[in-house]
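Shared between the two complexes below is subunit A, which has subunit B as its partner in the first and subunit C in the second.
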Partner chain A sequence: MFRVPRDPLYRSISRRRFLELGGGAATALGAGSIAVGLNSVITRRPVYAASSDDAKWKQYAGSKLVFMSENTPPSFAIRDNLKPFYDLTGIEVEILTDDLPVVQQKVGIDLRSGKADFHLNYVQDKPIGAPFADFYADLMRFAGDDTLPQDPEGVADEAWFENFLTACGRMYSGERIIAFPYDCAVACTFYRQDLFEKYSKDFEADHGYRLEFTPDTTWKQLYEFAAFFKKLREAGQDVPYGYAQHHGSFAWTTQLDIQRMLFAHGRWIDFDIDDKLGSKTPGPTNWGDETSVFIMEKFREQAEVCHPDNLANGTLQLNTVYQAGQIAMQVQYHEFAASIEDENTSRAAGGKTAYAACPKGEPSWIKNGGPAVNGCNCGIGGIGINANASEDLQRAAYIFAVWATSRDTQFNVLKGVGGTPTRKSVLDIPEVQAARQRPTSMPNALTFEAVYDIGIRDPNFVLGPKIPEANEYHQIILTEVQKCVSGKQTAEEACLAIKEQVDDLHDL
Partner chain B sequence: MAARTGGRFDLGRAATADAAAAVLPVRHVAGVRTIDYAPARLNPQPSRSYYFWMMAPAIVVLAAISLYPFFWLVWMSLHNVEVGAGPDTFVGFANFERLFTRDRKFWNGWSLLLQYSAMCLSLQIVLGVLLAVILNGSRYEKILVTVILMPMMMAPVIAGLVWYYLYNSTFGWYHWLLQSAGILGETSIVGSTSTAMLGLVIVDVWQWTPLITLITLAGMKRVPRDQLEANMVDGAGELRNFFAIVLPNLYPFLLIAILLRFMDNFRFIDVALTLTGGGPADATNILPVYLFDVSFQYFKLGRGAAIALTLLLVTILLGMLLVRLFEGPQSRRADMGSEG
Partner chain C sequence: MIRWTSRVKFLFLLPAVLWVLTFTIFPLGYSIYLSFHNVERQVVVSGREQVPVLDAAGNPVLRPDGKPRTRTEVQRELQTTFTWNQFANYARAFRDEQVWNAVRVTGTFVLVGVTTQILLGLALAWLFNRNIVARGFLRSIMILPIFATPIAIGYLFFTIFYEVGGPLSWTGVPWLSNPNWALTSVIIVDIWQWTPFCFLVFLAALQGIPDEMLESARLDTSSEWDLWRYVILPMLLPVIAIVLLLRLAEALKLFDIVATLTKGGPGIATQSYTYYAFNVGFKLNDFGYASAMAFLLLIVVMVIVTLFFRRLRQSYE
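Take a look at the complex of A and B:
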């Protein structure tokens, strides 16, 4: 294959020698990877740190941290652009990303086993924060430390959007902060404005009111919109289905889907606890009461007018269905606006989609005497520090947490891949204010009115339940709701089955 | 004590020492040179500790990778090992009591696992043997075997993801194909409680039937030609030949195939997790998936260990039963052979 000169100057190498060298090199590389690649490195310079503000950022220069995160836009954007942080601090950060259930498993094993392979964790409020709260460092300890760099805007509640710090940072008591808000996914309604305008007259002729979304649009009206589209389709018209729910295999999103509807009708919550702080001993659940049974039945009826593959579609797949132009409405998390507005991948792009708050409760459906609200829930992804790590690693990790949640970093992410800011000050930036109207270079900003001005504000905001058994709770909800929706049990049977299992979960 | 009989006697060693050991009591019986016994100094019986130290490395490795985790599993199943930072508390058989008396998903998981295994095994055996019969001795056997082995080379997680996309009702090619043929409606195969399990079985059959084919093909090469020819002389056709000669000869090979696949199915998780996650409505929540959820989603490690122990026990028992089932025809044939 290769031409070999007759009198080569180099010494030939025997096959045995070649294999020996190869084996040696492979062993050395493997051992090197284990020794260096997978381990953290910490380099500390406390005396230098006290010399200036700049030195506070650089006191752990030469250190290496590992951040385990969900595959969300901020993590992608930060991972691809870590140079400013490295230049500022000299700290190397390895960001590992994966689907949320996988992140939950990995960090869970790391935390539970007393290890600190991941110094920084993506602390999604319920699936990760609620079960593992005890394993995270109290960030207020570092926030009050003048030997560490701090964000000029601070990290108190006022710096973040309403409820955000409590959602991901306070678990079961107000004494500790285990995470700073890093990103967020807040529910709002995406709908095909072009189709709504096209069929508005027909709809009005049938129902006596306009086919449009406003903050006062109710869940009953959403059902009527969806039924109208289905009827058109069955009549042979080339229209998409009206609506689809969140099911699929990730249980949390189904729990959130029905929770929005329940909360909208009298601010119903799962347990009689402080919804924002959560509880380790939540007591008996409210599932099985009149409100839950009634709304479960409405949820089942809603499923009948949904896209036929309703049960297969989790949140991501549902968004794909909407992108493909197969449904006219979805209640979806605002981080997906960027993908909807991408003309290369979405048939709903190009100004066809409008955004509104989550539907409001229908007054005639309220059974508990509470108010009708635009029940809106979310996942607030925090950034937390593994308390198993050494003190110096925790301090170095805090420096990254401060930088990653700063206004400038969040603004850069929003400009880049479509971030979801958690700091209020990002919305005050003139470019961001301008981006809230079309045409825009920051598509997620089109949702900001529905999300930040209405959805996350009380009385519309619902968070919980923050309980240690959150993940098992979500799975119980998913299973029983799907059984109900697929006709295997009635709404009442579903609610009672949930109650029985959830109370059993809490040894009641 | 020296070995007196040829069975335990190290003849090789004695032969090499032949010249030097003039002391060996050599006799000549009917012209054949024999040795009655060897002195202990030439063929000493090793002490018990010698055997122990020879086996020690294997025992240590086995203990590290198998016995230690097993006893740890038993320990966990008797304790409350949860997600919290608190100590693990001894709860006796409470984890098992919960499983057997209150846990609906546990029983549902068993029922689904048995259904799943039965469907996969029967389809794979029938299709695998059929494919082997077709391929055996065909002109393009080697090429075709290589081609049909390809699914096996794929990691199960990747297979799950590939089929996830193929089944998808929005952009899945198989869904489109089946919908165009009028077999499926707008609901994908994994989107309905009545067809989701079938979706999983199809993936398993697609990926692992080639293994049965491969093992069966190997077995078919060992079928004695003289038996086949004798049967044909007696007027048997191809079909009778297959059932009377080929199939009985394939029993040991099929036993290996079935055992491998049965144990694989009992720890099957990859495709189910990527394709359905156990849903919809628990329709595919087979026991290994539930075990994974309990252990690594809910972090109830004590409860998870109890489920794992029951799974292990049943796997061992069913494995023994299968071996016995297949040993029946084997030993019957052996008996017939010795009688003949």
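Take a look at the complex of A and C:
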């Protein structure tokens, strides 16, 4: 049926020889693919200060970079639209995204092991920037380099929203800049305006004031709002629960959740340090003082009127609970507004949600004599360059960092999946200004008044402690706060336990 | 003289040997080494160099006195220091309250979970060893959980235990938000997944008992309980011992369900030993302490297994 050659190859090679050849080929292929797969590629064409801008952008054409980032809208948007960058530079960028705790673990291992599998990192100020600050390249070295392309608006403090560059770029001193602000997650209040209007009269009859959110709404009032909704629900009405906190696994969001309440009451902070710059030697913590114990108790009381799954919900789940119409209010990061306004996935979409600044401190709850403010905290996500990478890789990475944080890129991301601009100039674009009112094609812009006009401005802005042991600190707070909220210990015991562990952490 | 073809066999063995050396022996040895050290990785300033400042054309910028303007370039270097700390990491584990909490959580999980799995597995095996309707179909359904990925199961049960709108919400039980119930939830998920394994092995063992033996035993007693107590159970004992051992070793390493279902919370109410060790190592980057914790667990498991096998051997002898 088939023609068999007289002396076919397979007959001239013994089985043993065949296996030897096969094994050798497989080994060579495996080793080759590992070598190719693990290595970045760098090619360079020399440029000079006097070279054209085009030549400066293209000097690393043919190179390949890897960017490890959080699964946030800017990274998704940039990953889906890398073609303009490739066309501009000829550099291929692979963007890997994951949950922030995973990103933190992966970049931590990469940086501390002296490797550079990820040349560019998402440098979230506290969980990544603070512990690994020393492992990032000083971007000012590149910013002053005439042989590299630079952003026409520059990268000085004035180019970004106030405090942003310091928050993610300056760690412990102003000596170095380790990251440029790439995105931001600023806390503000999301609330169901439709329900607030519907039940306002009933609430007013009970409490003597209107059920509404203003910049002067206090944490005490938020508690009363939440208790009101819970009471309605328990009476059999078809209403969501009032409120829920940030718990679950994102330890730093639990820390931020109680911190904004603490800061609102007399601008209390965890350590007596420059909050924006952070400190490697923060000294004794303020946990355990009268303010912290009092507010911890209020936080515990607040939990009692929250959604029943309060302790099981991390930040992402909390947003899903709000999207599902199960709560009427959440203090959430403004990057989530796009998901709330998506009518395909959210029951809170279609004009039902309004946005306000974080609640203000209740004057009668202030114990340290400080002012009542709209304590607002945030995470400024920077883009940083792994200092373990070679000089050329760092330079190529800088080109990407400049492009990724430019005004045009941030504007495109905002128009696309919903970015969170860090450059002031983005807000000056007429389309963005128009988008701050409904109807809007940029849902995140609906939060801009609460976030950029109130939240990030002093005296409301609080960053959270930037200390090398930030992750240990967050874990301690999460553990003790949840033990308190779940009834395992009193507020005072929780605060004293935090103090003991945190001071022990700093050998005090 | 060794022929070339004889040497080839070593070449073929080489990948396996390299694999074991690289992925088993080296990590094991290295983690023992780490467990006796404090590992510090830091960037230090290794030097400062004066470099000329260049203008846009690449020429040196001159000072008013005609000398080239310079700037200081700081050289940084990554330094790793391993400080021998004797048994400090091990001693720390005994002082660490979170370790004791993790031991308590893991112990409760193992004791309640594994015992329930074995008892339920036995009961189900007894049931399925009889002629019941649709036995084959039900048996197939029963063993499905074994093949599911624990991570996926964790997420699945997160939705099941969800208090508002979850399928178990009618119970009114705070499955995930109450510390005691959260641990119960983790145990329930493990029981759900691993009881079928016990059931399957016990069923095979039951079906392996010769009919003649059971028939002759039935001539002596009409009590099903006596039959179990004096005939079936003694014959199943070696199988039960093996299943117990396998489940014990696996349960002591509880990680994936906790990681997906509760993340160790609320607080640290469901933080198992391995989950805590993982957090210490990969979240807090304290590799020395995490390695020491891992080896302490290894020692505990080895002691349990050794005692177990010794007891088993004695019972046979």
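Methods note: the second predicted complex is superposed on the first by the 471 of 508 C-alpha atoms of A that agree within 3 Å, B and C clash if a C-alpha of one lies under 4 Å from a C-alpha of the other, contacts with A are read in each partner's own complex, and residues count from 1 in each chain.
Definition applied: a contact is a pair of C-beta atoms (placed from the backbone, for glycine too) under 8 Å apart; a residue touches a chain by one contact, two chains touch by 3 or more.
Keep in mind it's a predicted model, so treat the numbers as computed, not measured.
S.K.: Overlaying the two complexes on subunit A, which is it for subunit B and subunit C: clash or fit?
M.R.: With subunit A as the common anchor, subunit B and subunit C collide in the superposed model.
S.K.: Going by the contact rule set out at the top, does A:Ala404 touch subunit B (first), subunit C (second), both, or neither?
M.R.: Neither partner.
S.K.: Determine, under the contact definition given at the top, whether A:Asp504 touches first (subunit B), second (subunit C), both, or neither.
M.R.: Only subunit B; A:Asp504 stays clear of subunit C.
S.K.: In the superposed arrangement, which partner chain does A:Asn471 touch: subunit B (first), subunit C (second), both, or neither?
M.R.: In the superposition, A:Asn471 touches subunit B and subunit C alike.
S.K.: Who does A:Ala396 touch here: subunit B (first), subunit C (second), both, or neither?
M.R.: neither
S.K.: Tell me which partner A:Asn388 touches in the superposition: subunit B (first), subunit C (second), both or neither.
M.R.: A:Asn388: touches subunit C, not subunit B.
S.K.: Kindly classify A:Ala143 by the partners it touches after superposition: subunit B alone (first), subunit C alone (second), both, or neither?
M.R.: In the superposed model, A:Ala143 contacts neither subunit B nor subunit C.
S.K.: Just subunit B (first), just subunit C (second), both, or neither: which does A:Thr320 touch?
M.R.: After superposition on chain A, A:Thr320 lies in contact with subunit B alone.
S.K.: Identify the partner contact of A:Ala227: answer first if only subunit B is touched, second if only subunit C is, both if each is, neither if none is.
M.R.: Neither partner.
S.K.: Touching A:Gly23, do we find subunit B (first), subunit C (second), both, or neither?
M.R.: In the superposition, A:Gly23 contacts subunit C only.
S.K.: Can you list the residues of subunit A that meet both subunit B and subunit C?
M.R.: 101, 104-105, 108-109, 112, 131, 134-135, 247-249, 307-312, 321, 324, 326, 471-472, 475, 478-479, 482-483, 485-486, 488
S.K.: State the interface residues of subunit A toward subunit C in the complex, per the touch definition above.
M.R.: Interface residues on subunit A, with respect to subunit C: 16, 19-20, 23, 27, 48-50, 101, 104-105, 108-109, 112-114, 131, 134-135, 146, 241, 247-249, 307-312, 314, 321, 324, 326, 387-388, 471-472, 475, 478-480, 482-483, 485-486, 488.
S.K.: Which of the residues in subunit B come into contact with subunit A in the complex?
M.R.: 83-85, 102, 105, 168-171, 185-188, 190-193, 273, 276-282, 285, 293, 296-300
S.K.: Touching subunit A in the complex: which residues of subunit C?
M.R.: 5, 8, 11-12, 15, 41-43, 54-58, 76, 78, 80, 98, 158, 162-165, 174, 176-179, 262-269, 279, 282-285
S.K.: In their shared complex, at which residues does subunit A touch subunit B?
M.R.: Subunit A reaches subunit B through residues 101, 104-105, 108-109, 112, 131-132, 134-135, 247-250, 307-313, 317, 320-321, 324, 326, 468-469, 471-472, 475, 478-479, 482-483, 485-486, 488, 504.
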